[in-house]
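Both complexes below contain chain A, partnered by chain B and then by chain C.
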Partner chain A sequence: MTDLETLDSADQGAIEDEDLAAIREGSLGSDAWRELRRRPLFWICITIIAVLLAMAAFPQLFTSLDPEAQDQRNGLMFPSREHWFGTDLFGRDVYANVIYGARVSIVIAFVVTTFCAIIALIFGSLAGYYGGWIDSIISRITDVWFAIPGVLGSIVMLQMFETRNIATLSLALIVFSWTTMLRLTRSAVLAVKHADYIDSARALGATDFRIIWRHILPNALTPLLVYMAIFFGVVIAAEATLTFIGVGLQKPSISWGLIISDSRARIQTHPYLLLFPGAILSMAVFAFILLGDLLRDAFDPRQR
Partner chain B sequence: MDPLLVVDDLHVEFRTDDGVVRAVNGLSYMVDRRETVAILGESGSGKSVSAQAIMGLIASPPGFITKGSVRFEGRELLTMAEDERRKVRGADIAMVFQDALSALNPVFSVGWQISEMFRKHRGASKKEAKKSAVELMELVEIPDATNRYRSFPHEFSGGMRQRVMIAMALALDPDVLIADEPTTALDVTVQAQVMQLLENVQAEFGMGLVLITHDLGVVAEQADRVVVMYAGRAMEKGTIDEIFDQPHHPYTEGLMNSIPRLDDLNERLNPIRGNPPDLLRIPSGCAFRPRCPYQQPDCAEVEPTLEFVGDSGRSTACHHWRDAFGE
Partner chain C sequence: MATYIIRRLLQMIPVFIFATMLIFAMVFSLPGDPIRALAGERAQSESVRQALIEEYNLDDPLPVQYGKYAAGLLRGDFGANFRGRPVSDIIKQRLPITARLAAVAFVFEVFLGVLAGILAGVRQRGFFDSLVLVSTLTVISIPIFVLGFLAQVTFGLKLGWFPVAGIKQGWISYLLPGMVLGSVSLAYVARLTRSSLIDNLGADYVRTATAKGLTRGRVVGVHAMRNSLIPVVTYLGIDLGALLGGAIVTETVFNIPGLGGAVFDGVVRQEGTTVVGITTFIILVYMFTTLLVDILYAVLDPRIRYD
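What follows is the complex of A and B.
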């Protein structure tokens, strides 16, 4: 036995020193982080997103002008040193409007993404984990719902509301877009469900809730996280689209969709009215979708 | 007093699209405190499925326990409500899996996983649970336990991971520990250490140990009694010395003969002819018949049942053991 013990510690030491670097690579999370950290695109995304979040939280930091202050004598001015993005018909500063417009986009995208993820986590994991009739009911409802065209559904639903604000717009988007996340979560849970550590946890007396919450979800979350980043960008675009065609937010709200909608009549004479808010909107959508793509690549070793 | 764990005439089948796979067909054995029973068999012999049936881990469908009983301290487990059954797992009967890397959750530290047992089942505070977990890690001889508490499963070597699994299984002080091929995924030297550890903790905790393995070497060192399984049936049962000194079943004899001998390097390996049976189509009569050197016409007709050999409690399921192996 003494021999064995010496062997044990010697063997142990050898493994520790030699293979520690190799062994550490096994962790998906740290591996993904190392992969992301050295990609410039990732840092560009993060910077854009950080600026957007700062705009949404503290617009005063970016402009001292009041977005609603009218100055009719200085209406429709081209970009200048005083008005970086020019002014609109009523002389309001377009730059200030764009800055203040970030808040509703971010809030709606956050609310919609969060609620869809919660629905997906609860029902997707129930369907994936329990299978059988629970899965049949949840999956069939999801399939049927999935077949409804989302934008059309949202338009029809929004037309039934008398007042349209952040809450109703978010609701209309949630109702027609939770399905993809649920399907993703369900299939991720299905993939993890048969892992040995699930059996092992059950063999040591874990409850179903504990198995789902502590053992399945943390291991099945990656595809959902990736999709959430992409979805965040998609919701920003969807909010602007619905607002632009007139079923989304209404004045006096300040939103990118509304600014772009206002610019419609003067696109030929004053293109900057569309150009700047349009560019910011596209950049925001682009940053989130790109972040999702980068996350997916980083988490999927086969893509490398 | 009731024996600790009794498995009686257990039948498990899996209903698949291709037909019914009869994985366990009438397995019986018992384990008492401080006793080690080895379930010996090749892959597909039903040894792991029988363990999963005892733990209640068989997914149904497709798996069904069609017959038999499993009693822990006299309480029937198979008909027990799932809520009660869950309390038996871990606290009364715990299980160690073959591949500790896949049997540990990759996203939590090993210390967290061990201490979770104390927090969830014993209601211990975070601090108490951590202290108990570190003690347990020291008990299973993980060096530098306080620092290793924070390490993740992939940062451990195979042998150390298996120690973590054993620590988790021991956390609630179970009366029966089922070890399903605990050393199969390990190097030979590490195997010996893990087996030694199991022996030590068994002596310390006084539990009954069910050792599931295909490795005759593991059985030889550790077991008090052996159940030799083939095609979901027990072929022979006896004490370790009886089985090793004189097998009384052609299959056991075949297993013994197929061990490579270190003292005669020129000898060719002497494997059992043929393949294990397809569990969808188990041969009629004796399942081992097609591979048996002693087979007789009646072997195809009547399935042999375990009959006693002598009066020591040893038994064999062979019609012709008297002719083949003598009294």
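What follows is the complex of A and C.
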């Protein structure tokens, strides 16, 4: 066999292997999809999430009122036909504020989830695939960050910034929450690393990058995907919490955490100031956590 | 086992050093001049200022500052706040309060969580099972400060069953915040117990026990539960560590002067030494409970051997 022929057949082998992987992945994915499609809860989740995304992108669609327009004479009005969620002390419409508040929550949750996933994918697969000293270094660094309680770390870090905005808040959340995703990815990569199809891909001359990207990750992604959905909801809650205790976003930003913290002094006489924003915030978190649960059930073959 | 524990303890040393160093570096890069802030509106003489800088090593480069701090830690000295009060004193005063809150939360989540998990697990897809799944998910989704507010308004103000905030009225003042604090863990405990019980109920040894003619109560209560509780105990152990580290949000909402509140006050008032001291203590508690859980794991499950 000449060199050229070897190369050629290796290439063909790789393509076949790839096709097989695609079929495998497709069937697992389509099984999960069939499972999901039948569940009404899944459609409820998807609807809530779609509405939230629409609110974040086009708040004008949901309200014609300006969330910042003050009207002192109509302050602290109970919910009515004009003001569905009532008005706050300055006469601002709570409903409009809740609608406009969706944007920062969604943006921060998206940024934090994406960055954590990228960190986890790169370093988790390096640690899992290469093992040895690379794994030792990455794992020990992870241990160090894991030992610091997340909320506490984020609070201390946020206090370092003179002004706090979406970027600093996202940064503080990323810095103290990437560890779980990295550990998940690492162990998922470890679990498939020794499979026969990985050995055959390597025997056929695939590069390390190709093996990780095309063969290992598609089969190791499910736990990460499930966790990402749940994490998205957790970040929404975390943003509101940090903002609420005063180390997150500051006025004039519009955020669910700020609206709720404003309601604090008046919850006894005007409970609606807390109830509506609190309910919308919880519903957003609920939708993403439930989506994660449903995905886990659908991808877990033991459930069938 | 002994070698495993020693190895783990040795591994903990670098993790501890780097974790506290990280916090230290962040805290001492906080903006503002803490010494100046101490004097408030009054004028501060240059000599007093110098003495304070001297005392807290504020002129040294950060690594040297940390080195001096770490040397103090070895002697059990967590540093002092800028008014000269030892941080270990603050911890001694605040820890019992946090511990009481943690105790209420823990008892609440263990009893109700395990009970709900068992009732849901024995009849999978039954009414109670669905109820537990939906209600736990709801509790997990409500951020704890919203839950705290709701509890305050409903049970504190409207119904008047519990004190609204503070700890002036003894044990009863810990009940409501404790339950709020424990509610999320309760939901996780219930879900974990449920899924673990369902896994075990399908196992061969359970079928054998049933085939021997044992009652359902004995099969579930003795045979299946023993194995099902292993992951639950692990979770509870780690959670206890987190609870003892203080709950910043719950303590803020209910105005409870525990460790979490102390560390948060420290951050807001830029009392760097307080923040670092208490955080160091929290990290220590957290690391030791994690180690204990791993050891407990081996004791509970004879299939696991660390060698």
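Keep in mind that, in the parts below, the second predicted complex is superposed on the first by the 277 of 304 C-alpha atoms of A that agree within 3 Å, B and C clash if a C-alpha of one lies under 4 Å from a C-alpha of the other, contacts with A are read in each partner's own complex, and residues count from 1 in each chain.
What we mean here is this: a contact is a pair of C-beta atoms (placed from the backbone, for glycine too) under 8 Å apart; a residue touches a chain by one contact, two chains touch by 3 or more.
All values reported here derive from a predicted model rather than from experimental measurement.
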Touched partner set for A:N219, first chain B, second chain C, both or neither: first
Chain B versus chain C as contact partner of A:A195, first or second or both or neither: first
Touched chain A residues, chain B compared with chain C: C
Doubly contacted chain A residues - partners chain C and chain B: none
In the complex, chain A residues that touch chain C: 140, 143-145, 147-149, 151-153, 155-157, 159-160, 162, 233, 237, 240-241, 244-247, 260, 263-264, 267-268, 271, 274, 278, 281-283, 285-286, 289-290, 293
Complex contact set, residues of chain A against chain B: 1, 4, 7-9, 11-12, 15, 20, 23-24, 26-29, 195-197, 199-207, 210, 214-215, 218-219
List of chain B residues in touch with chain A within their complex: 52, 55, 57, 86-91, 94-95, 97, 99, 102-108, 116-117, 120-121, 141, 143, 152, 154-155, 157, 159-160, 165, 168-169, 171-172, 189-190, 192-193, 196
Footprint of chain A on chain C - complex, ascending: 11, 14-16, 18-19, 22-23, 26-27, 29-31, 137-138, 140-146, 149-150, 152-153, 157, 242, 245, 248-249, 252, 263-264, 267-268, 270, 275, 279, 282-283, 286-287
